[in-house]
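What follows is chain A paired twice: with chain B in the first complex and chain C in the second.
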Partner chain A sequence: MTTPDAMTTPDAMTTPVAMTTPVAPPRKDPVVLIGKICAWLAVLICLLPIPLVIAVATTRSWRQGFWAGGFTLHWLSEGWGRIAGNFGYSLQVAVGVLLIDLAIGFPAAWLLARRRFRGRRLASAITTMPIAIPGIALALGLILTYPGLRPSGMLLVAGHVLYTTPFLIGTLTPALGNPKLRELEQVAVTLGSPGPHRLLTVTVPSIRTALLAATILVLTLSLGEFNVSFFLFTPIEQPLPVELYSGYVTNRLEIAAASTVWFLIMVVPAAVVLELAGGAKVGQA
Partner chain B sequence: MWLGFPLLVMVACLLLWPLGVIAVRSLTFGTGHLSLRRYADVLTDGDYLRSFLITSLLAVLSTVIAIALCVPAALYLERTRDRLSRLMAAAMTIPLSLPGIVIGFFVILLFGTTGVVPVTARQVFGNSFGQLAYTFTGLLIGYLYFNIPRVILVVRGAVAEVSPEAIDAARTLGANPMHVYRRVIIPALLPSIASAAALSLATAFGAFGTAATLSRGYRVVPLDISAAFTEQFKPELAATLSVLLAIVTTAILVGVGRLGERRTR
Partner chain C sequence: MSVQLGQPASIVCSELSYRYPNAPTAAVDGISLDVGAGDVVALVGPSGCGKSTLLRLVAGLLSPVSGALTIGDVETARLTPEKRNIGWVPQSYALFDHLTVAGNVGFGLKARKVPKSERADRVEEALKLCRIEEFADRRPADLSGGQRQRVAIARALATKPRVLLLDEPLAALDPQLRKALRADLAALLRDSGVTSLLVTHDQTEALAMADRVAVMRSGRIEQYAAPEVLWKRPVNAFVAEFVGAAAVLEATKLSGAEYELTPGLSAVVDLDDQADHVTVAVRAGDLRIDPAGVGLRVLAREYTGDGWLLSGQFDNGSTVGLVAEDSAEIGSTITVSLKPGTRLSAVQK
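What follows is the complex of A and B.
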């Protein structure tokens, strides 16, 4: 007996079970209860590591247990000392990447949102590229093709641009395609507003949430990018995640945790803002 | 049309041309003749086949567990829709913003030699256990961690389409919860479960950061690529493995996604 069929047969509704048992309120329904348990379990898994990282980073001698030897900010200051330079460099890279992404991605998103053309589906398939092709394969392709660009750091920027532009396009395209915005622009046209002026005073303000989301997305993706960066960084200046990685392999747990705390401070609040501003996007692991 | 020109240039120079270079390098031998010999070598090499097997196992297991956990969780989030469940949903997206290496470090922090679990176990029970960061289980936990938000994100949107009436009716008719999941909820969500699985599998196959941080023993394909290039100085071998891996991830995304579409017709 399949349940949906049984629902539609009238005699099923007249069985004593259906008559005497009232419909359970959703919260006490075991189906929802299982969901509740799973949801809390998932939340626990996702959040638990964060307080633990903070606890280890503020414990004087972790091997003896939680806050053994007392609470200390020593590791946090030492961790910051180790990553400050890398953070500065990564931030520079991220801002450069964002500017290039906007120059490439904004016009492309405009086109995808507003024009029908042959190859449009192929063009929008670009937004799934960063998941379809592993970062390490992208990086290998870049380093084998342009080995001469690596020492200048240009190749690292190129790799980040390649990885992040699809996310920018994916965030801006729906906003630019919004019918209400198109109407507003038509009104501006009939009022005689010239093209560039219209772009700056009508279009850009209307999509500011999407622009903010795209900005946060590109900056945080670039700051945390490891898979593409691993082959492309220069020996002189290492991006933040590469430094974190070598810390994980060599440093004692307290320092590694402290550096991670700083990284989480930079990225997690931004991620929460992003989720509230219109939903998170999926990158590589 | 000129608006698409910058993107076209980027895709051509930074994506297509380099991928072409990898493909050619993987096929070219000394004097310039082409052969599939490297592919034959890799696909008959026990070590590389083992890597592909371990990678597949990690990808499939982490995907199955993530789906089993996240389908009911998404259903709950969609049916309660209060302030708390919105916060829970936001919490579940946090792993998306973390690079693989940080996720790998979380596993070390919890289950490493001096991780939270072994240290606490020694204090409470006198002997330490749970040092599984560098085992298969440790890798699996890391992979599960980054797949949970991916599955939630894809399934959550689709859960709204499962009619609460169908679930309540099935319950009223005496179906037990497992039955409701098997007969009502999962069939209705099949297309989105398929695309969640595709995303989760492809991410797991390509995951490098998590595996690199936890790589003392278990080899996965992205680590083999990195080792071939940086340790063995064999770019052609790295190129061959990269082509194979990219074929696997793309095939999963296209193939498994299609599977879901077809079943709904």
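What follows is the complex of A and C.
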């Protein structure tokens, strides 16, 4: 008979070895360092146009250089006057597109996430295909197929729906397929919750993060979409990106820059909310 | 305390089968099981034995390919889960994080359009039964594992189910907490008075909590009996080994009911029909260190806190385990005998 080894040498378990031996700080990995530098350079390159546009929009006369002739809010005021109507129209289109996207995309995402059916992979590929098709091709395809709808502006909405629905489906499908959500729904079923009640009280609240992200994504994509809008807009009303383009072509640079600043003010907060809502993780319920 | 929330119902499964799509074998293979009204029954078995599938069949979350299921007097196999009047507690508890504890407990009542005043009373009753009244306004994220478990059970009981189904109710808890909450959960189930069918892979939990235990293997029930019967009279080697980790040895008849396990070591075996050679189950608690006993070469040792669990081999090659106060060197030989009065169970191979 013996006693356990561990019990004969209790000191080995309790002596604070780490406290008596100074530990050298870990050496910085050069690969990580280079990566960090590249990442910050990329961020800088992406962000640089923003202060530049703000500088142009607040300079009295940009041709003479930064803030030559002094700082002014005049161009911003004039820019807002020019794009306010277009912004209202674009917002209307975006909200309409969102409602249609939800009506089409939610059931489609549910089907793709929950059902194993023949041709499911093909259906999944088709729903994401518009992302890979250039906006010009989408727009021309719509014009050729439904020429009669163009004057009503419905073709513009249809083009935006085609362009944005894949993003909505792509955001909602993983959330709806989450096994945790399915378990919550199963519990709800056993508690006597019928389908519509379950959808409204369990499914939708559980995927609220993904739903919020999808909503913001669709709104910002529609507000900022240029290619499809440029080919499908009607002479009566121009979407915001088309007006911005027109401003850069025909107006003073300062006014066009001021319009861009207003556009950024509308879009950047939404992008920040999108990131706060989960960013890359929006697919998780 | 005896608070009865629902009228308990019996569960009768007759030749119930289920096969997952594209699976080569049935997950539940013609199971017949009779659970009495108000009983607590545990389904126990190794991973993949079909116990959770059987529970989901009773819940209606899966539809059987054949067989019948009756809850109370109602043929239930083709009813949707919401019409079965059951309570379901999944392993993760699946609490609704966007609702408070009271909101969770009242969810089923709201779904069934129970009037608001009655709903409040029944939520309070369920919270009280599960001793979680003080957490009524908290969110599930602010609760401990044990509290979450109680909320899940309260939510299931609030609708006055005829049957409560629990899938690994203690598995999501820390090991220390699990043991402490085991007795608590058993008392809660008895207080509720509801028929309970619970799944566990832990035979200790099953024996401690259930009135009857069904030991499952490969989609079938190997033995369905009270815990004492399972322990003392396992029907076969699988049940003996799974319930209590018994060693299964060949024994040869000496005289009457006395059988020899290895030269120098014999025991009385409970047998209906006397045979010359039988297979018996020997548990670690049946053996003791005895200077006058037979030699056992130590193969492994494990410190359990209260003592040592030694496993060793007799000269005839049979391996057994025993609990000892002191350890022994691996490879050394100790001498053991059966504890006085030990009666071994004969099992089928």
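Simple rule for what comes next: the second predicted complex is superposed on the first by the 249 of 285 C-alpha atoms of A that agree within 3 Å, B and C clash if a C-alpha of one lies under 4 Å from a C-alpha of the other, contacts with A are read in each partner's own complex, and residues count from 1 in each chain.
Quick note on the criterion: a residue touches a chain if its C-beta (ideal position, glycine included) is under 8 Å from a C-beta of that chain, and two chains touch if they have at least 3 such contacts.
Small disclaimer: the values here were computed from a predicted structure and weren't measured.
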Combined model on chain A: chain C and chain B, fit or clash: fit
Contacts of A:Leu184 with chain B and chain C, given as first, second, both or neither: second
Chain B versus chain C as contact partner of A:Leu244, first or second or both or neither: first
First (chain B), second (chain C), both or neither touched by A:Thr58: neither
Contacts of A:Pro205 with chain B and chain C, given as first, second, both or neither: second
Touched partner set for A:Ala137, first chain B, second chain C, both or neither: first
Which of chain B and chain C A:Gly192 touches, first, second, both or neither: second
Partner chain in contact with A:Thr171 - chain B first, chain C second, else both or neither: neither
Minimum distance between Cα atoms of chain B and chain C in the superposition (Å): 19
Residues of chain A contacting chain B in one complex and chain C in the other: 2-4
Touching residues (chain side chain B, partner chain A) in the complex: 1, 3-7, 10-11, 14-15, 17-19, 21-22, 25, 69-77, 79-80, 85, 88-106, 108-110, 112, 114-116, 119-120, 123, 143-146, 148-150, 152-153, 164, 166-177, 179-181, 183-185, 199, 202-210, 212-213, 222, 225-226, 229-230, 235, 238-239, 242-243, 245-246, 249-250, 253
In the complex, chain C residues that touch chain A: 59-61, 80-82, 84-88, 90, 92, 94, 96-98, 107-108, 110-112, 155-156, 159, 165, 303, 326-329
Chain A to chain C touching residues, read off their complex: 1-4, 180, 183-184, 186-194, 197-198, 201-202, 205-206, 208
Partner chain B, residues of chain A touching it in the complex: 2-4, 6-7, 12, 17-18, 21, 23-24, 26-27, 29-43, 45-47, 49-50, 52-53, 55-56, 62-66, 103-105, 107-108, 110-111, 115, 117, 123, 126, 128-129, 131-138, 140-146, 158-159, 161-162, 165, 169, 220, 224-227, 230-231, 241, 244-245, 248-249, 253, 256-257, 260, 263-264, 267-268, 270-272, 274-276, 279-285
